Amino acid sequence: MQPGPPTTLGLKLAGFLAAVRRDRERIGAESDRTLGLQFGGAVGTLASLGTVGDSVSAELARILDLAEPALPWHSHRDNLVAIVQLLGILTGTLAKFGKDVALLMQGEVGEASEGVGEARGGSSTMPHKRNPVASAALIAIHAKMPGLVTTMLNAMPQEHERGLGLWQAEWDTVPEAFCLGSASVAYAIEIAEGLTTNSARMQTNIDAALGLPLAEAVSTALAPKIGRVAAHRLLRNAVDQATKDNARLSDVLKHMPEVNMHLSDAEIDVLLDPHNYLGSAQRFIARVVGDEDALD
Amino acid sequence: MQPGPPTTLGLKLAGFLAAVRRDRERIGAESDRTLGLQFGGAVGTLASLGTVGDSVSAELARILDLAEPALPWHSHRDNLVAIVQLLGILTGTLAKFGKDVALLMQGEVGEASEGVGEARGGSSTMPHKRNPVASAALIAIHAKMPGLVTTMLNAMPQEHERGLGLWQAEWDTVPEAFCLGSASVAYAIEIAEGLTTNSARMQTNIDAALGLPLAEAVSTALAPKIGRVAAHRLLRNAVDQATKDNARLSDVLKHMPEVNMHLSDAEIDVLLDPHNYLGSAQRFIARVVGDEDALD
Amino acid sequence: MQPGPPTTLGLKLAGFLAAVRRDRERIGAESDRTLGLQFGGAVGTLASLGTVGDSVSAELARILDLAEPALPWHSHRDNLVAIVQLLGILTGTLAKFGKDVALLMQGEVGEASEGVGEARGGSSTMPHKRNPVASAALIAIHAKMPGLVTTMLNAMPQEHERGLGLWQAEWDTVPEAFCLGSASVAYAIEIAEGLTTNSARMQTNIDAALGLPLAEAVSTALAPKIGRVAAHRLLRNAVDQATKDNARLSDVLKHMPEVNMHLSDAEIDVLLDPHNYLGSAQRFIARVVGDEDALD
Amino acid sequence: MQPGPPTTLGLKLAGFLAAVRRDRERIGAESDRTLGLQFGGAVGTLASLGTVGDSVSAELARILDLAEPALPWHSHRDNLVAIVQLLGILTGTLAKFGKDVALLMQGEVGEASEGVGEARGGSSTMPHKRNPVASAALIAIHAKMPGLVTTMLNAMPQEHERGLGLWQAEWDTVPEAFCLGSASVAYAIEIAEGLTTNSARMQTNIDAALGLPLAEAVSTALAPKIGRVAAHRLLRNAVDQATKDNARLSDVLKHMPEVNMHLSDAEIDVLLDPHNYLGSAQRFIARVVGDEDALD
């Protein structure tokens, strides 16, 4: 599996920032519903309060600073399910963060690393190990959320005005979801604040790929001249040759007459420079961080 | 298991109406995100489009009438997960609808029934059967949604700019969720339009309960006079007596001196009339259906 | 929804007995694998023990009274997943038990009831309530198991010799599954030991069904004489008539010429007696409880 | 994240072989139950067959070559749930296989690769890409199984003798589970048959790790001489030094007086040779493949 074309750490992080913002927006919108009063007596009529049920309800909501819904909702659990589901999405976003960091921390990659405090992440028997402790936690947390969401969804069809059993299944599921959700945020902050990056290693890894990830750049440049299919086939052959000979793609291309006809050696070098094949990355970043200066 | 105090079919249906409205509101809000463009090339830079990537992206969104997000989101799947989760909540609300209708359709209850067309719901061997076909479908559909939501959440932590395998797990999950969600709506509409109710049977079932579901009404009335605990104990004894003798609760209460001291026979009859123990039911209904006239 | 043809409480309980036996059989078979040693060092080679790794492993298994597997299995979690899944099936069997008991306990049905101790199952505000506490617990427990099983399955694809994060997701999932599984068994035993049944009520409920559940018996008797389709149509009409007039099916049938032609009034009465339409119920029960005397 | 101590591809594959065997064993044992007759009529009594129900049942099982259970089990679904769960475990074992292969195929690792046919795995725009198509499929398939298992478990508590809706939720779940399970096996076979390995690259990757993964070997050798804690601390320092200077661990150790006191340079070289730190790997492999000759 060869890596794809180059991207930047900045674009990757902007993607996480945008996703976390969407998650926060959803949770904020749902919270208004979640923080609503449920007060209805045995079957939702507030009958034991006679004619003043709805007044008591309004006053109770005021005192507790909770929204007052149109009517009691004891056996309609959608508000609770919705908030747990959104915590599930949040941990999913952050699990991807942990996974990407852990992949970058692999010994053979080494492009980024969780910050490592004195007290953590070491192995009891292996002196050389630095483990991605927080990334692992993000992955572990998310692996549990589908189960909690499943329990909440399972518990929805509660019988009549007071379900039998399903209601009880929520009791420790909701707090567990909040605990896991907030732990996930805490671990992600820890990673974000301590993240170290190794740009020399990024360069080394790109170099080790022999220019193959940039094949698309050359193919794209040739397509207007010899047609898209021919360009693709040509680069495919060049890539095969480079792989077979463990040669740099630039060297292979510079010796192919069909390429020379259309591209000079200097043009090939420009095309195969990763810095020249980043497309709209900076503009996309600027849109997310809202820094207009970053444009051009 | 004795039934709880009385409620009304109107309040039950108002509860469903409010829940379905919340579901629709959530789906509407999320749809704006769901219907967004994803266009980023291999790694989200649009590098193969050179410097015009973001302009092409904007034009493409315009042509397709999709929102244009800040940046490509190929490996951030939260928008898709969110909409599938909301379909899960919707089917949960409607599964409760189906379950409640099916419970009301039980031979021994018989208070409501799905409308039955000529062509459906009969049994191939049992000539007397009328099955709650649409209710069963609502329950079956919802039983499958936690599985689909689980798949979507599982697929979130996709590696780097293009996940390995997890992405593919979504391919038939998203359309299946929409199919099930819209089938659920169709079945619910079918039930709602054809629902028949049997108020005579409601009265019969209440009568058969010997007045026991109204014990709370008497207990509540006695509490200010003899204390809450004493009132509860008194009614508990009356209920045990009525159950043992298969007697009406009113008859038992009218023969208890501790009750006679505080309540006349006429007062007992009033307290045990289900129509007098509906609390704020009508007001709650009015709030939901927005019919101010319904407020007395 | 009309009830199906009659069955017996004995056959229902025999079905649960058979299911619980299958569950126990599966758990027993899997336990031999579950109770196996995992001992392999950092990557499963036991390298830090030099050449005596496998001898130490064998001795350790002997001391701990655990089976010794062919090789360390640290990142192959199938044994743990399998036992949690079987606990999920067990709670499923018992949730059905709880659900059936709760359905029989409904006020309008009243054919069986959990035993009710002094201290439990009452309502704090409703003096007349006896709640199916243990049945509710069985249902609540099972609603949580799919989530735990999902977590275990999600955690299976652990990377290389030591997974990142997924492993940790199991840590409180496995003990929770055992706690829920054993709680489920405890509640089921409580129900089984205290179950009270009400055969008078069973008779009342059957009578209230006007004989309709036995329509199949008459249809089956008529089929050899007038054809299966005609018999089914005839009974369908009779059922519709009985339902419309709130009349007993026997009365309707006795006034239908097409029936009189083939069945005498006495024959109709015999066919509509529930005791005569139990088929192989007793034989099936005998097979399960192994009581040959029960045959005939 | 530094890699752990060395292992061998053989031990890794033996682990998969053992896991797949356990999966096959479980599926085989359960199949006997799965392939059992269900024949009971409307409520499990076979009443419409009069007194010959159980004889007909036995004959039917004989003709269909299915096991005949003690009694009809229409609303006890454990047999079906169990087989779907085992398919879930099987796909989990094989998803780990796919994940490990995909990790080994990463451009920066390159130690193994799926065989690549002419027709597959290429990218439409990136001429240089070879994708782990079958590995991705194994991961995608497994991501869907927890959902199917959830549906099956959810559908267990079916009401009385014929559940309402839950039964229908199984209808396309069971065949989908079998389709996914068998697709998973097919992809795994494809990988197993075409797998290519690159031992030169394995050596390169180990060399690039500067000997750090072998730190445990030296620590273990020093522990009897200077104590476990001191040895661990010593190696920790050596690892930090090697990492800081980008030096080979052997060079660092050979210049540490505390090490020289106990280990000669030649001894250090022997300890840091990966071939000498494989512990019981070969014995474990031999146990699984049953080839006694492989011992020593």
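As written, the chains take the letters A, B, C and D, and residue 1 is the first residue of each chain.
The working rule: a residue touches a chain if its C-beta (ideal position, glycine included) is under 8 Å from a C-beta of that chain, and two chains touch if they have at least 3 such contacts.
For clarity, every value in this text was computed on a predicted model and none was experimentally measured.
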Which chains does subunit A share as contact partners with subunit D?
B, C
Distance-wise, how many Å sit between the C-alpha centres of subunit B and subunit C, to the nearest whole number?
26
Using Cα averages as centroids, what's the distance between subunit B and subunit D in whole Å?
41
Distance-wise, how many Å sit between the C-alpha centres of subunit A and subunit B, to the nearest whole number?
32
For subunit A, jot down the residues that touch at least 2 other chains.
4-5, 41-42, 48, 98, 102, 125-126, 132, 139, 146-147, 149-150, 154, 216
Is the chain-to-chain touch network here best called a line, a ring, a star, complete, or other?
complete
As the complex stands, subunit A meets subunit D at residues 1-5, 102, 105-109, 113, 122, 125-132, 146, 150, 154, 205, 208-209, 212-213, 215-216, 219, 232, 235-236, 238-239, 249
Interface with subunit B, subunit D side, in the complex: residues 41-42, 48, 98-99, 102, 123, 125-126, 132, 135-141, 143-144, 146-151, 154-155, 164-169, 173
Taking the touch rule as given, give the residues of subunit D at its contact with subunit C in the complex, in rising order.
4-7, 11-12, 14-16, 18-19, 22-23, 26, 29-30, 33, 41-51, 53-54, 57, 69-73, 75-79, 81-82, 85-86, 88-89, 92-93, 95-96, 98-100, 103, 139, 142, 145-147, 149-150, 153-154, 156-162, 216-217, 220, 277-281, 283-285, 287-288
